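Okay, got some structures for you below.
In what comes next, chain A is part of two complexes: it sits with chain B in the first one and with chain C in the second one.
Up next, the complex of A and B:
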């Protein structure tokens, strides 16, 4: 079979895509068709065009993906140039996404990369819905958490609480810190999502304010004093902007003064940036290794040419090399990727009646519920000030309060009475209104 | 999943018009957890919470504390809370909006409370923080000073500390200190200024 196929540019890729194997994914069908389909149909979004993002774009383009898009809000800085290899000195100040897309397209023929120079929050939900796989090269928990919430919002469950495969939006997440890194595969509904395992992130080191103010013992204490205490004292009301070089220089100068006062060594401009922005120096080789793992997983998810990583790879190159794959498990009650409890309602049910029903619902048994819908607080049991502001909603139909959508997600907080034990709980509900045109049809279509 | 991608691509053309349940606003996990914290608040009578941006913005709120005992009895102290989208992974940012003579609160409103920084844990909640703040007023602590001068007075002369607090509370709202901006230039002068501030407060009584 493989011999008959016309040779492609990527000989190594052909070995994966044209030949059968023993360790392949469940629906793998090797052949030229697969290779062509991969180029034609797979659309991958790369989030971040920094250290990991540059590597990811290059790796994905060389792995046969033809439809790529990249989103990044940053402009190129001089300090990026040592590792973000798509950028040159004359690019400093230009948007990372645009330059990265252009450079990869120049070097890899046939690939089309659309850059987006904006914040991830600026794009609407349809933008993300368009991609088959999202590859993340990010440096913050916030951004990961946001993309995760977006990707999980596409996930739908059938009436038996099984995730529907066609609504899954797989993500491949890479992260590096110095010589350490991770690569993970997130398939919402199948593997744990980012929120299921948020505890994996160690808490940020925060120094006690009184230590900063009274007894600084190291350079970081002096820097944080200038950043957190002195800045506000001098610039009343003006917010500190870590991306403004003048602000950073001011903090550095103040930190130097303070260090002199206490006889402390070691305050430098780069340490100041590191402490204030929480930066650990990036290592180009770590980025390359992690990105390679992520690109390979992306290819595996799309083509099925091999079973995917399940589901979290850690890499440590500090001393020798250590790498390990851990299979984390889903949090079945996860508010972001979990199925939630299915509730079917008539359109006439008032919010008060709905709250009463939660108490009787066998899967909830929740009393004193507070209800929130897409950021709108429909009813709050406490504090009194919010209870008063939301009380008038109680007599309104829930259907109206939910903007007359046929089905959607609600979140409820309250006291759960299970086995004569009371505990407080936060639950996700999948509300479906009965008798609204289209709802039943949509569900059936999903099952087929 | 390539077959699925193909199917979806074809479905997309057919279903361009039928996007019913596409979410518009995403609620972060942090917002949801905060919703739980707020709906379960159980505050003492001396503490009140308010939401300046209305009922749908829980991420920014204010708490006022009126201690019913101790040095600060009779005063009202306002705190602003700013909660991050990755709450409770990160503690809320809390500032004291009321200028106060207190060993653990500086004149910029920074608060030295361990659970707001080094000892924050995701199992803690908004209720815990408010109780922690309340505790600062019933038992100010000279061992973790942010206001060095106030801490020293509390340690060495509690009687004087008490009267300083009384004077400051009576005067803080009318206090105008024209020399303040000039004094900011050097950190060392801050302490002298603090003494003069107490003295000024006394004059206003």
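Up next, the complex of A and C:
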């Protein structure tokens, strides 16, 4: 006897969540409980509210997730409008995260999205630990590296050096460039993390200085001469800001002059922007494809309703269509998702001395470090209020600050100085105090 | 699908199918013929003609002395000049032929190395790295060869602009081109003095322009011959055609009906037994099977809760029947996959639909803009482990 109950909004999703199957995830428990838990308890963070982020929010909201948060530090620009479809002309200038959240909530009933208009580094680690899955829609290596370090920082290893499942924070990462893209699943401790496979990224194109300075041959050389050499000569001290139209126009004018001098054609304002900002054109369809793949993986990871991508999907739509899955292997010596950089200390070492040591440590090279231990701020470099509050810890022995345990995990954030480049980073440290009872040789077997 | 396909093919309307079904789906283009001039491939060899220099390029190279004393000048001679001169020297001392055996190629590179007077001569390093361009066979690629011998290149009054230009190209290759396509005209960046580089660019641009003018003339003559207005193809179109001549692509798609009645057996068999892609091709078969099922039973397997076991067994029978129709007797789909297809119950998941929609829309853009090469074959999406596959079933 059929009654007039309205069809379930999740009629289609229910088929995957309520029915048992044989090609499913390892801990899949089909049933209404799963569907309801997904709605009530599953929390997903979307990092980035741009080309990928907009698509991700929509896809996740329409895939049964009701608790989403999104973080993005940018404001909407006109050039975003061809693909960041949640934004309209009248939104230009407003924060992406806020507008994106608002628009998706308007269209999908029942979903709650909390926007965060700030940098990812501005949130402390606790913020990120709240989420079940973090979905990345980022456009830079540095940002990915940072979030990867955060997610991997939660990972703990047991005494046999096996990763503990309850501390794994899965991430789904998508990236696009023109007609190409990738989607990958990162489960810290199981799959390679972002750092494990950092060699996947080709080095940035850099023109030799002598070409720029003496024998330019094409428009890009003239532009980079103006951008990298002439700017400093004329504006010494003032940083070049690629988002400042006056700066960009200055570079363009200088590039034109240089091109005329050498008889080179092809310098245009648009090329100038492209070269200076390293712009690769973005297309909506690639973003849609990659985000959809990421959202699907997020659903599968959260619910177990099917097996997951293992672990890297590449997509190329230039000539025909090519997708390929590669199973990359974790680097067991990875500084980020491994058991942590091993640091042995005397119990007398003060926090200040420890912070100074980090700068010299060959595997860390971290300056201006802030230290947290099990959620407690031992010392924070910023903001001034916190710095003042934690300053008194600097003269105390680290051993005491760590509740006198023989060994434990510490998290340090600061500026990493590697290969002449500075970037903000987070690292996990395994601190072992020398000469304490209970620290046997076996415990040190893991090594850094 | 078959009916719509026939109608669109009749009316010459481009058709693209997109389907989303549980964790699978497919995309298939159906167009009689789609010619692409601006194919813009990712990696394509530059057109330097180092294996077949024309008189002006030779002349330019001849006027430059490789043995110049000034070390700065020595290391700023572009590798194009180096290779043209060294190749010519070789030809003179080897009875008119370029290096062809492994031994000869190695020797040629040694000769280049011997001319370096310092370790930091990037131009010579570039010459050594690029020497393979000297050894490359002359003439056009087999892909282009296929296009010019195509029956459509025998043009008539109803031939498309593309084929008219191909006909002109064919004539050019057989005559003024000396077996080569028109010169593309651009050169890659290379270590060089600005002066040499800019002059070299002008030489290439001049020949490219000259080749274009010849082809343009031939195009206009052919148009006249087939009774069309000789100016009906714009200059810009012909110019673009010349620049992209080496990269032309012609895509043809069989009718869905033909694919259904006669799918490529070897292709199916290859993938059904492949460890990675058996799921994707299994889904292809099952997508056809559920349609047959729906035609017989008025619903999709698993569409309603209850009676799952019966649906599974019916779907299995339908799938086996389909495989037999294809002549794939003996090949089977796994029980797990058949169960999974019933589990889907014709559900449409947003993420899967978004993925399929993204792929299909990308292809639509390629078809409409006639830029980049559309996919050939039937794309079958595998949302379980993402080992999707493009099946060439015709």
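In this section, the second predicted complex is superposed on the first by the 334 of 448 C-alpha atoms of A that agree within 3 Å, B and C clash if a C-alpha of one lies under 4 Å from a C-alpha of the other, contacts with A are read in each partner's own complex, and residues count from 1 in each chain.
Throughout what follows, a contact is a pair of C-beta atoms (placed from the backbone, for glycine too) under 8 Å apart; a residue touches a chain by one contact, two chains touch by 3 or more.
This one's a predicted model, so the numbers in the text were calculated from it and none came from an experiment.
**Student:** Looking at A:407 after the superposition, I want to know if it touches chain B, chain C, both of them or none. Which is it: first, second, both, neither?
**Tutor:** In the superposition, A:407 contacts chain B only.
**Student:** Just chain B (first), just chain C (second), both, or neither: which does A:143 touch?
**Tutor:** A:143 sits against neither chain B nor chain C.
**Student:** Contact-wise, after the overlay, does A:55 reach chain B, chain C, both or neither (first, second, both, neither)?
**Tutor:** After superposing on A, A:55 lies in contact with chain C but is clear of chain B.
**Student:** Would you mind checking which one, chain B or chain C, touches more residues on chain A?
**Tutor:** B
**Student:** Looking at A:319 after the superposition, I want to know if it touches chain B, chain C, both of them or none. Which is it: first, second, both, neither?
**Tutor:** Once the two structures are laid over each other on A, A:319 reaches chain C alone.
**Student:** So, does A:424 touch the first partner chain B, the second partner chain C, both, or neither?
**Tutor:** It touches chain B, and chain C stays clear.
**Student:** Would you tell me the residues on chain A in contact with chain B in one complex that are also in contact with chain C in the other?
**Tutor:** none
**Student:** Using the touch definition up top, name the residues of chain A that touch chain B in the complex.
**Tutor:** The touching residues are 27, 34, 37-38, 41-43, 125-126, 129, 132, 141-142, 145-146, 149-150, 153, 165-166, 170, 195, 198-199, 201, 203-204, 206-210, 213-214, 228-230, 232-234, 236, 258, 261, 301-304, 335-336, 370, 372, 374-377, 380-383, 385-386, 389-390, 405-409, 411, 413-414, 424, 426, 438, 442.
**Student:** For the complex, give me every residue of chain C touching chain A.
**Tutor:** 22-23, 39-42, 76, 189-194, 197-198, 276, 302, 308, 335-337, 339-340, 343-345, 347-352, 354-355, 357-359, 361-363, 365, 372-377, 379, 383-388, 390
**Student:** Which of the residues in chain A come into contact with chain C in the complex?
**Tutor:** Against chain C, chain A makes touches at 11-16, 19-23, 55, 58-59, 62-63, 179, 183, 211, 215-218, 262-264, 283-289, 291-293, 295-296, 299, 306-310, 313, 316-323, 325.
**Student:** Residues of chain B touching chain A in their complex?
**Tutor:** Of all residues in chain B, those touching chain A are 1-9, 18-33, 35-36, 38-43, 48-51, 54-56, 58, 84-86, 89-91, 104, 106-112, 114, 117-118, 120-122, 144-146, 148, 184, 187, 190.
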